[in-house]
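Chain lettering (A, B, C, D, E and F) follows the sequence in which the chains are written, and residue indices restart at 1 in each chain.
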Amino acid sequence: MAVSKYANQIKKSIDRLISQEFDGKLMYQSHEDEPYPSLDKIAEFIELTRSILFPGFFGNTSVNATTLPYHIGVTTERIFQLLWEQLYAGACFDCTDEERRLPEKKKKAMDMAATFIEHLPDIKLLLRTDVEAIYKGDPAAKNFGEIILAYPGIKAISNYRIAHELLTLGASAIIPRIITEMAHSETGIDIHPGATIGKYFAIDHGTGIVIGETCIIGENVKLYQGVTLGAKSFPTDDNDEIIKGIERHPILGDNVVVYAGATILGRITIGKNAVIGGNTWVTQPVAEGTVLIKK
Amino acid sequence: MAVSKYANQIKKSIDRLISQEFDGKLMYQSHEDEPYPSLDKIAEFIELTRSILFPGFFGNTSVNATTLPYHIGVTTERIFQLLWEQLYAGACFDCTDEERRLPEKKKKAMDMAATFIEHLPDIKLLLRTDVEAIYKGDPAAKNFGEIILAYPGIKAISNYRIAHELLTLGASAIIPRIITEMAHSETGIDIHPGATIGKYFAIDHGTGIVIGETCIIGENVKLYQGVTLGAKSFPTDDNDEIIKGIERHPILGDNVVVYAGATILGRITIGKNAVIGGNTWVTQPVAEGTVLIKK
Amino acid sequence: MAVSKYANQIKKSIDRLISQEFDGKLMYQSHEDEPYPSLDKIAEFIELTRSILFPGFFGNTSVNATTLPYHIGVTTERIFQLLWEQLYAGACFDCTDEERRLPEKKKKAMDMAATFIEHLPDIKLLLRTDVEAIYKGDPAAKNFGEIILAYPGIKAISNYRIAHELLTLGASAIIPRIITEMAHSETGIDIHPGATIGKYFAIDHGTGIVIGETCIIGENVKLYQGVTLGAKSFPTDDNDEIIKGIERHPILGDNVVVYAGATILGRITIGKNAVIGGNTWVTQPVAEGTVLIKK
Amino acid sequence: MAVSKYANQIKKSIDRLISQEFDGKLMYQSHEDEPYPSLDKIAEFIELTRSILFPGFFGNTSVNATTLPYHIGVTTERIFQLLWEQLYAGACFDCTDEERRLPEKKKKAMDMAATFIEHLPDIKLLLRTDVEAIYKGDPAAKNFGEIILAYPGIKAISNYRIAHELLTLGASAIIPRIITEMAHSETGIDIHPGATIGKYFAIDHGTGIVIGETCIIGENVKLYQGVTLGAKSFPTDDNDEIIKGIERHPILGDNVVVYAGATILGRITIGKNAVIGGNTWVTQPVAEGTVLIKK
Amino acid sequence: MAVSKYANQIKKSIDRLISQEFDGKLMYQSHEDEPYPSLDKIAEFIELTRSILFPGFFGNTSVNATTLPYHIGVTTERIFQLLWEQLYAGACFDCTDEERRLPEKKKKAMDMAATFIEHLPDIKLLLRTDVEAIYKGDPAAKNFGEIILAYPGIKAISNYRIAHELLTLGASAIIPRIITEMAHSETGIDIHPGATIGKYFAIDHGTGIVIGETCIIGENVKLYQGVTLGAKSFPTDDNDEIIKGIERHPILGDNVVVYAGATILGRITIGKNAVIGGNTWVTQPVAEGTVLIKK
Amino acid sequence: MAVSKYANQIKKSIDRLISQEFDGKLMYQSHEDEPYPSLDKIAEFIELTRSILFPGFFGNTSVNATTLPYHIGVTTERIFQLLWEQLYAGACFDCTDEERRLPEKKKKAMDMAATFIEHLPDIKLLLRTDVEAIYKGDPAAKNFGEIILAYPGIKAISNYRIAHELLTLGASAIIPRIITEMAHSETGIDIHPGATIGKYFAIDHGTGIVIGETCIIGENVKLYQGVTLGAKSFPTDDNDEIIKGIERHPILGDNVVVYAGATILGRITIGKNAVIGGNTWVTQPVAEGTVLIKK
């Protein structure tokens, strides 16, 4: 309750906050009868999608062979609704009023959401290779279930694979970025949805990993905590503005292993089967099969 | 339900937990009719403040020019109530019973809360420079909204600017510390509320960043993930106890950039426009304009 | 609502998700009238246990000397129920149908839960030493309460000590692993429940710390952010499969301090009173009292 | 969890429930991207409207002169959204697919909602007369607040006045009917939204009161519990079907009082200032000023 | 927070409440690992069952032909679980410890729950006749949906038909009684689950209706508000204790209509097609076709 | 979201609602740092009190002999807090600003709350007689538990006994009135907290019962549904205003039974052991032992 004594002071601040000194750049104006981007709804979307990718592990419901179909049915239904609304909100995130009113915007969001759902079984197959890769590579892992429930890597990779699929389908960047940032917050693993990552991808511990927007990672690659796959520099144009969209992050071949704290920068290629030791600093290409150890 | 068989075993433990072997140092005793420090309430305070700083992005409500005033009004009201209660609880956190009963304690908490609200528009102006700095420096950033919703840096900096303001107003350290620790948990970025940070402050990725209590950071500074701005050593007094409050963290001039994993320790100055390369280890002052790269 | 137009597309995906191409390895089938592993229930268990270990700080309720017994009684009751159910679910996590039906499984879970509760006062005594160690070592710490509420180290250590106790009592690994992973997500500090850690254990900042399964850490040890106590290599057997359970992580003597970003790998011993400097890379034993600094 | 043994039995029932034997008459099919009638949303609408009609009494928030505008603003905003969606859902409740797709349907719902809000201050003025009438007529009433918080009559009359306004504005009957039925469930007082009721209307106790669709009630009328203002008979047409919409309920003049348990049936007029005694049975007109007592 | 001053006073009351003066007759002791009767769970059971009986009207979810199967599947699953647990709790409600431990108790509860679900489609067919009867008899009713959503009669009859089915299947009386009492609280209509009621049963308004345990009501009967079908007297045995289970309530033939406030007492028969007028008092049998009007 | 087109219309209504035409008589202004009357908090108070009066039946928790003390302790604590705040809010409900600021107001509320808790065991003993009375008088009742869980009478009587105790202790009328009105809404039974009711009080069905403020009811009395114990007339003073506080309701002697629908009006005495038949109309005293039946 605003104690009367402070009423004026507070009122003045409210007026100032409302006033014109803020030109709307820090505010999201919603429009007539339209969904707006919602962290809560995207979080619900991710939670439900996880409960379909790993039924019985996520979702706080018991499932079995008999009841699985009903659960998947109800959940998929809800996912479709949540997803198209958020894709639609994302599509209107940064567009003019005319663009916003085009009926195609909504149809496109629904199309994308439906295609995403169509591809869910493929995402699941892919994630299965990731679970298997982690299981095979970690002496402390006891079974698949432990990896699904207790390894941050799987959470980060799941969100990445979902976000990457959406970006590939043409979603506005904001939604995929929110999805990978949610995993970043949860796990300390920061994978840009634009990166390309092959199957059997393993992450151990993972805190501090950064994988940049234009990275290309082969199959069967493993990364430990604190690994950066980053850009070396940001070329600028004649106006001294950073040029956006340039390929600026590393390419890792199949079967590469990168140990904790290694930093690999720039559009360089780490050849197949190479091993990059812990805490190394790599800004030059590395040939296939090389074992690079910090001395 | 405690199965009867185990009742004795459990009862014995309860009695021991209650008993004198715990002298109250791990317990917070609340006092007559007084608010107590609550992580949930502080979290609500932060959530509401974010919904005012970035309306429409946070708060899960649609807003527009017509409805903004009502939303800001209701929210500010609630913020005032939450904040003074927690400041009051913080003020009584570590004080004697006599101190606790002084009516000034409560009045001071209310005064601080009102002044904080008065300053909110200024905090917002400051944060706007931070959003802009991130936008300009990251080729992957598509628009302001993406930075507000999907960059951990902005969350950490928001909480820091809020917490720093409270500390400056005289709040007991516990509340500001909880606020920055909440951002630390959410983002992996650990900024002490005591640090001083100029405008146009940018953080990219951010996981593992540590900024110590007595740091002074100029304007237009950018930090990447894993950067430590720490103390080199902790001088002790004659009783071998650590001396608290000494200035022991680095000073960074305007326009300094520090790349991923760099460690800068001690009360040294990094001069204006200096660039500190990734994974470097810095314990000596660095002159203006120096580019320090790991070989 | 599934718009009719997309109904077929969605239906096909649902059918595929249900179909045989998923052999149940990514699904947890629950069994007749049996608890299943639940992240929410384990989270509730941890929250309630924290409210007993640090009453008044966690739990969002005021307590005082008069009311403490009732709160501890009700909470312990609920902890017993939550814990035995999850231990039971964990015990059935990876076992055959016959094993699952053995009544001993349930009894063993209840026995373990009751013993855990019996040991709670001892865990509390141990945690008290940890709080004290952090307080003494950090010039920024103002009082015990600040450490309990605002230091991630204490959250990570609490979860570790709880998880380690459960593992020692014979719990199936999945439950302790989930518990430490929850702290990892919350704090960026990844301690395996199998590690052995002495009293007066201090962590500062902590993001990026990794402590491996077979580590042995003495008393009065302090670790800073980004420290890895890891394995150097994973021996494989004749089938090229990783041998699980080998002692492969470091041993740290009493009073060892390890500064930010240091990496210590393999079954090596760091002698008593040694100081390992920041960003160092250690794969050889370190003698007692050595001060190892990065040049 | 469906125990496997019962799986078939349950499956068969599910199939039967889904199957064609139900022709959809007991099911509400929702349509593309359209709100559906929701008891929860209508309940929220009523709760919010009460918090505007009687601020501080309903709504579980403290308000005062300073904060009232913000609260009313935020709440009105939400009421508008809830109301037009439900009016729109109501309008499509019983219509063909073509009708449903007419854009006018949505516009009309929004127009009605806006007009309803425009009339809210008038509804409030009217309700004020009702509170005053109850206060003046009941020796047990201590103040206005008691009547607002603890008299079922005011809840029933509020819902009636809201529902009647909506019906008058052209809302489909289902929404007003749900609103008065909610009050019926809460208070045992069943007022049809079609009835016409003058100002200064008082109800005491109220359980069992029934006021029919075509009743006309003057000003300053008071009813006690168990009073029925009903129809005497339902004329049927040549097909023996009840003729809907006929004026079939009583007309009560100004200042009429009807005591507990009285039953007044048919399109008869009870003249001004008449008093109808408890448990009486009235099917003939009653002249002005008559005092009709059960012998 | 218990203010210290009152601590003793409160403590004394707690001790007294716990003490032996209460012999456990007002307390429900739960037993090892066993469900206990829960009003919340029974309410959830009813809510879910309504969402199956009238999909899209109850349950706050949109459904359509495509999604109906998933919703019914998930809901039925949950209903089975809720129901057998409560039937089991009910079966142990009033039995000795030995009885309680019989494994048959649990099996019988599951059998009953499965059979109930098997019969749900039949209950739905029956309720459909009731909806139709109300629709045909009320000039104010606009469509089936209005009756389902806004007529208390349908809620009371639904709960009655569910409860009656459970009683018929052999459920312990407590669960059916709670179910009809929930409808009583919601609608003011009190139907004992033991009553037998034919199809096409209509209730209008309904507040105050009481239908006793041994009533037998034919098909196509209609009751108005305030009707009592009660017992005239309770014969006692030699010990002056009431004899339980005697047939003591009225029998109503097909097509009987009973108007508001009528009271029919004792084991008398109201013959087919009879009409019982409002506020009448009936303790003698009424012949077929009689029209009994209050003079 | 307020569609812009309607913004003006809505804004005008908001302004009017805020404006001076409402003089604050329909609004509750809260005051500095003070609890305000809250239906939700009073409902929580009642729920918790029921869980102490009938442990295991209400409260949705299993309890047994071992755990009962903790549950009662925690609950009583919370009851004390909720109750004194609401009593304090009630005390300030209708008083001047000066009165409001008297510290005695708060102390008195706390004193009353503590005394109420002290008397809880006595209320419980009294309620036990009521449960027993219902059990003995109803051939359909199977056991105590059924009466506690499924008889509306017990809910209404519990709330009455709680509210009456508070009134007797000096609570402002508003809080007790809200408590009995909550039972009225739940059960259709309207008992004024001012009434005096002896032990072994039984209600059957109960819908429509009204018991006025100055009623005096002896021991072992039983009422059926629809019974009114009301006032016959309201004497007015010279200004034609109703005189408040006059004794105007009936007195019922021990062992009186009143059957369904009977109406007893005015300050008359119904002598011991009298039986008042259903649907009777009584405005004259009735001698002891009389059996008054409607002819």
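Here, contacts are C-beta pairs under 8 Å (C-beta built on N, C-alpha and C of every residue); 3 or more make two chains touch, one makes a residue touch a chain.
Here the structure is a predicted model, which is why all the values come from computation and not from measurement.
When every chain is reduced to the mean of its CA atoms, the largest separation from chain F belongs to A.
At the chain C-chain F interface, residue numbers used by both copies make up over half of all numbers present, so the two copies contact each other through mostly the same positions. When you average the Cα atoms of each chain and compare centres, the chain farthest from chain D turns out to be C.
If you average the CA atoms of chain C and of chain D, the two centres end up 57 Å from each other. Here the spacing of chain B and chain F, counted between their Cα centres, is 50 Å. One simple way to say how far apart two chains are is to compare their mean CA positions; for chain A and chain C this gives 26 Å. Remark: chain B and chain D have CA centroids separated by 52 Å (rounded to whole angstrom). Shared contact sites, meaning residues of chain B that touch two or more other chains, fall at 1-4, 30-31, 62, 64, 67, 69, 72-73, 77, 188, 207-208, 226, 261, 279. Per the touch definition, chain B reaches chain D in the complex via residues 67, 69-74, 77.
Listing the residues of chain A that touch chain D in their complex gives 1-2, 4, 7, 11, 62, 64, 66-67. Residues of chain A that touch chain C in their complex: 52-58, 60, 62-65, 68-69, 72-73, 76-77, 80-81, 110, 113-115, 117-121, 124-125, 127-128, 131, 136-140, 142-146, 148-152, 186-188, 205, 207-208, 225-226, 260-261, 278-279, 294.
Residues 1-3, 5-6, 9-10, 12-14, 16-18, 21-22, 25-31, 36-40, 93-94, 173-174, 177-178, 181, 184-185, 188, 190, 192, 194, 207-208, 210, 212-213, 226, 228, 230-231, 234, 241-246, 248, 261, 263, 265, 279, 281 of chain A are the ones touching chain B in the complex.
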